[in-house]
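Once you scroll down, you'll see the structures, which are given as structure tokens.
Each of the two complexes below includes chain A, the first together with chain B, the second together with chain C.
Entry: the complex of A and B
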């Protein structure tokens, strides 16, 4: 006889009530407000249909911000996962001081974005550590205005993000690696597999779940990036590093609430459109492996 | 019952969280509208009340604390002063508080049209037009600020800041340079500084807001030549990108970078660094306003910094005056008499002399005899002859400060030409004007 622990259905009500009022209702209201003319000047809000979306598409804001967001997310996802996986491989081997190293690499993601932002603003200043280092190496031609040059600062921001969160990806990959049965890797080794081949053919397919989790989390997280960009460049200079969330923040600061809400609805649809297909593809891959 | 470590920890954590959140909300609720016991000294009010005052921490200083204490002593009322964070957050918090009807009795806030319109003065604020102290307010302030639709809603609570060009006197003396009186002399001066190896101008393009001061300084020339330009812009009869003189002004600003007169770390430059470099003599001039003087006095007391007005292209320079800070009383207050009395106290000549002695800025009231910063003595003389014009952004019905600095960054970064920049500026202006429901859009 199966003895399953059954609770009465109305035990669900408190948690469900909290969830509905504090999460579902605001999100749905957000959808509603994007169809109104809500701004700081109004006492009464009226329904205006697709007006906000029309003006959003007419201006350049959406294309600029979402384009930057996509580039940022792509760079972060690729490099953070790559670096995280590399670190996990290295720190999975039997090294002396392995635990200390794991702690050191994980440490940056415990820092607040504000701290990281101010730190890198100083390091990447034209007279800061990086440029001085390049000068000392007798390579002054490599010196750049890392955060001021509109052509490269978006990528610099992406790398700062990678620096901060690679340890987190590393931790998830480590967990995945530790679930790889030793017999598999040993068998591959006996069969004459080189190290790199074993990674590609044996290990990588077996950590597919960790890979899925990491890629999706990094992707969605970096599509929603805000703090790092806002603290380091503020979306500037001009609109060179404007990302979706800094655009929304600026719209709300100007009192254009409905417009900002419309942008966030667009961001929601954008993230869904980008991540669902990738999630589906990765899940399929998991099943195959 | 066996107490598990996890269970105890969880309970302790939960109760700590609940306790802290309760504390947080109580701290805000506990003093609104409390009755206090009468003060031992003679009080002028029959039953003392507590006035809730909202101000930003950026504006609070020892002088104001003293003024608030003096008021409490002399009137017997209590002031519950709440300080909010400054900058854009201050604006947002005030707007949110008003929207949620959590209004104070007295609010210290900006006085220009753009900011005032956002807090809907006609609905929310007490009309002070008929008060006796209104006649003592500086005519420039009375003409342009603290009002909506012709009615006065606030009193000035700071001096007017004046925009111009800060310069290092020692550098000028060393290189035998004279203060320029025309724009051509100004450009020649930049060349001489550049030839001598001193960076002529430092613009803080990372902070972005200092970039606005150049056009604030120069727009006065446009207002002088076309007195109705502001009205036309406010009613959509003309636009920024149709105003030739404005495009020329923007071009002159872009030329400063093109001619190599600006600092090499332009896009990493901050306001603090601009003052630092000026005081050290590495930079000859910084286009700023006199709010920098208290900072310079405190951090670089040995530096000799003064200010000259940014020259006009044609004719004598008029000096741009910024909007003073204001104090307003809310209609929703339960203590209207006390609130009005507090504003009268702030308008009292004695309070004003205390304030201006500490501030050393150009007074927003007439008849105040207080010393000013030595650096602006020359400029004050110009203001006293009537050659003062407001910063143009304070005259617009819609605030441009949110988007203007970023556009100037693009101008310096050569991402936008002056025409494109003015077009983008007008688009932002149109959007806000439509949202505000201004006539003409």
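Entry: the complex of A and C
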């Protein structure tokens, strides 16, 4: 007769206690605070129902910020995954200096968003390197106020994010490509598939898990974006690049705690509403593939 | 055969040329950090005509870099130790238990990968617990934030360690704790290394946390000192660039030393579905 193995259950306690107190509880209590009038000027917090949400909608803050967040997340997810996949395909082949190239492409994601933000503030400055380069190419009409023009700077920010994180996506796709046996792509080529057909029919189904991880990570990460935007444009000019997390910080620094927390709650629900259906869809696709 | 060689050469040179998109911006700030004020305002990509090494010593003094670096080193290393220890212990139980409630706790942790943290209420609870503006407060905040990632990573790893090993140890009379610290924990070295590197980078680079949670400038970590420095010296690019280089140097060193671990770690752990 064998005694059941006695695992020390208390091992769960340190991590769980911390996580519950400093992560789960703030998120949950945020729901409560968003129904109050909590701000920096008030001694007493009282319940005001949907007041904060009503003024969020009335002021247009929420629609503007979430619209921008969604555009940003869409651009980042599409281009970061496209570029990351392309890089992975190229750097999975037998090349000279492959490891060095992988290392270079991965490097930017080890930098702080702050460093990347200030670096591109200089590079995309109206008199900066990019505009100088366009001038040197005799194409001065392409010069832009990359970061100051409210019509384009949200997209520019998204591309800076892609610059920083494409190498990270590449690494995940590279990991996925290790599961693709060489014989399979070779067999497909011998059977008369073109290079692109072999990618679509052979490689893509096999790297479906990597695709799911990547898409979900880029999507969630970019919906939560804060540092890059805050550092480069601070949400401006006006509200041209205001995203959910810059709006939350703005309300926080003005002492509008309940209002800011209501935006947090919306972001929470928004991320859940966007990512769960996509996750579900992608998982289904993995099973079918 | 010849054709293949030619293609390999073509693709290699294309990939190398494209890597300039990564290297040129970095080179630009490295060169700029050594320039004179007059030269750097041109914002050109060029080698400095006179290398101004003193830019760095000025920034190091003016930017209070030493304090920032020490604060970051303390906060980051404490977080890494805490997350690795408590996280691996929890992962061990989660991986070994077949109980429903443990599966529920695992799901709760994994949900933290998706849900954004709620920072304004976090400050509130920090105040209640007397942790506001304290090193301990921000360390515990980071730990709570990175448990989901670390536990997700490690649970998968521990599940792959055969249970037969546990049974053998129990027969030998080892208690659960000893089994973990003597047998399982050492086997987890590769995943501990990967987790340590990622948590190190995430915490070292994080700006949002201390922006909300640390008012006291003597406790500021590197990103906050950089941000504050740039808002004071915004137009003196040579100083801004040296400041950025000092801030990224420690991560660069860790990356160069550990980069094999990073990409291999990702290959092994995170994406096996």
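Simple rule for what comes next: the second predicted complex is superposed on the first by the 275 of 289 C-alpha atoms of A that agree within 3 Å, B and C clash if a C-alpha of one lies under 4 Å from a C-alpha of the other, contacts with A are read in each partner's own complex, and residues count from 1 in each chain.
Simple rule for what comes next: a contact is a pair of C-beta atoms (placed from the backbone, for glycine too) under 8 Å apart; a residue touches a chain by one contact, two chains touch by 3 or more.
Keep in mind the model is a prediction, meaning the values are calculated, not measured.
Asker: If you tally the residues of chain A touched by each partner, is the higher count for chain B or for chain C?
Answerer: Of the two chains, more chain A residues are contacted by C.
Asker: On the A-aligned overlay, A:209 touches which partner chain: chain B = first, chain C = second, or both, or neither?
Answerer: second
Asker: With the two structures laid over each other on chain A, which partner does A:239 touch: chain B (first), chain C (second), both, or neither?
Answerer: After superposing on A, A:239 lies in contact with chain B but is clear of chain C.
Asker: Applying the document's definition of touch, where does A:73 land relative to chain B and chain C: first, second, both, or neither?
Answerer: A:73 sits against neither chain B nor chain C.
Asker: Which partner chains sit in contact with A:127 here, chain B, chain C, both or neither? Use first/second/both/neither.
Answerer: both
Asker: Name the contact category of A:224: first (chain B only), second (chain C only), both, or neither.
Answerer: A:224 sits against chain C, while chain B stays out of touch.
Asker: Would you sort A:282 into first (chain B), second (chain C), both or neither based on which partner it touches?
Answerer: After superposition on chain A, A:282 lies in contact with neither partner.
Asker: Tell me the contact category for A:88 with respect to chain B and chain C: first, second, both or neither.
Answerer: neither
Asker: Now for A:22: first (chain B), second (chain C), both, or neither, which partner does it touch?
Answerer: Touch status of A:22: second partner only.
Asker: Which chain A residues contact chain B in one complex and chain C in the other?
Answerer: 125, 127, 252
Asker: Quick one: which bits of chain B touch chain A in the complex? Just the residue numbers, please.
Answerer: For chain B paired with chain A, touching residues are 88, 91-92, 95, 99, 117-118, 120, 123, 205-206, 208, 264-268, 399, 402-403, 406-407, 409-410, 412-413, 415-416, 427, 431-432, 435-437.
Asker: Spell out the part of chain A that touches chain C in their complex, as residue ranges.
Answerer: 3, 5-9, 11-12, 14-16, 18-19, 21-27, 29-30, 33, 87, 90-91, 93-97, 101-108, 110-115, 118-120, 122-123, 125, 127-129, 132, 163, 167, 171-172, 174-176, 178, 209-210, 212-213, 220, 223-224, 226-227, 231, 245, 248-249, 252, 257, 260-261, 264-265, 267-268, 271-272, 275, 286
Asker: So in the complex, the part of chain A that touches chain B is made up of which residues?
Answerer: Chain A reaches chain B through residues 37, 39-43, 55, 59, 121, 125-127, 145, 147-150, 234-240, 250, 252-256, 259.
Asker: Could you list, by residue number, the parts of chain C that touch chain A in their complex?
Answerer: Contacts found on chain C: 8, 11-12, 14-16, 19, 21-23, 25-26, 28-29, 32, 43-45, 85-87, 89-90, 92-94, 96-97, 102, 105, 108-109, 112-122, 124-125, 129, 140-141, 143-145, 147-148, 151, 166-167, 170, 175-177, 180, 201, 204-208, 211-212, 222-223, 226-227, 230, 237, 240-241, 244, 247-248, 251-252, 255, 259, 262-263, 266-267, 270-273.
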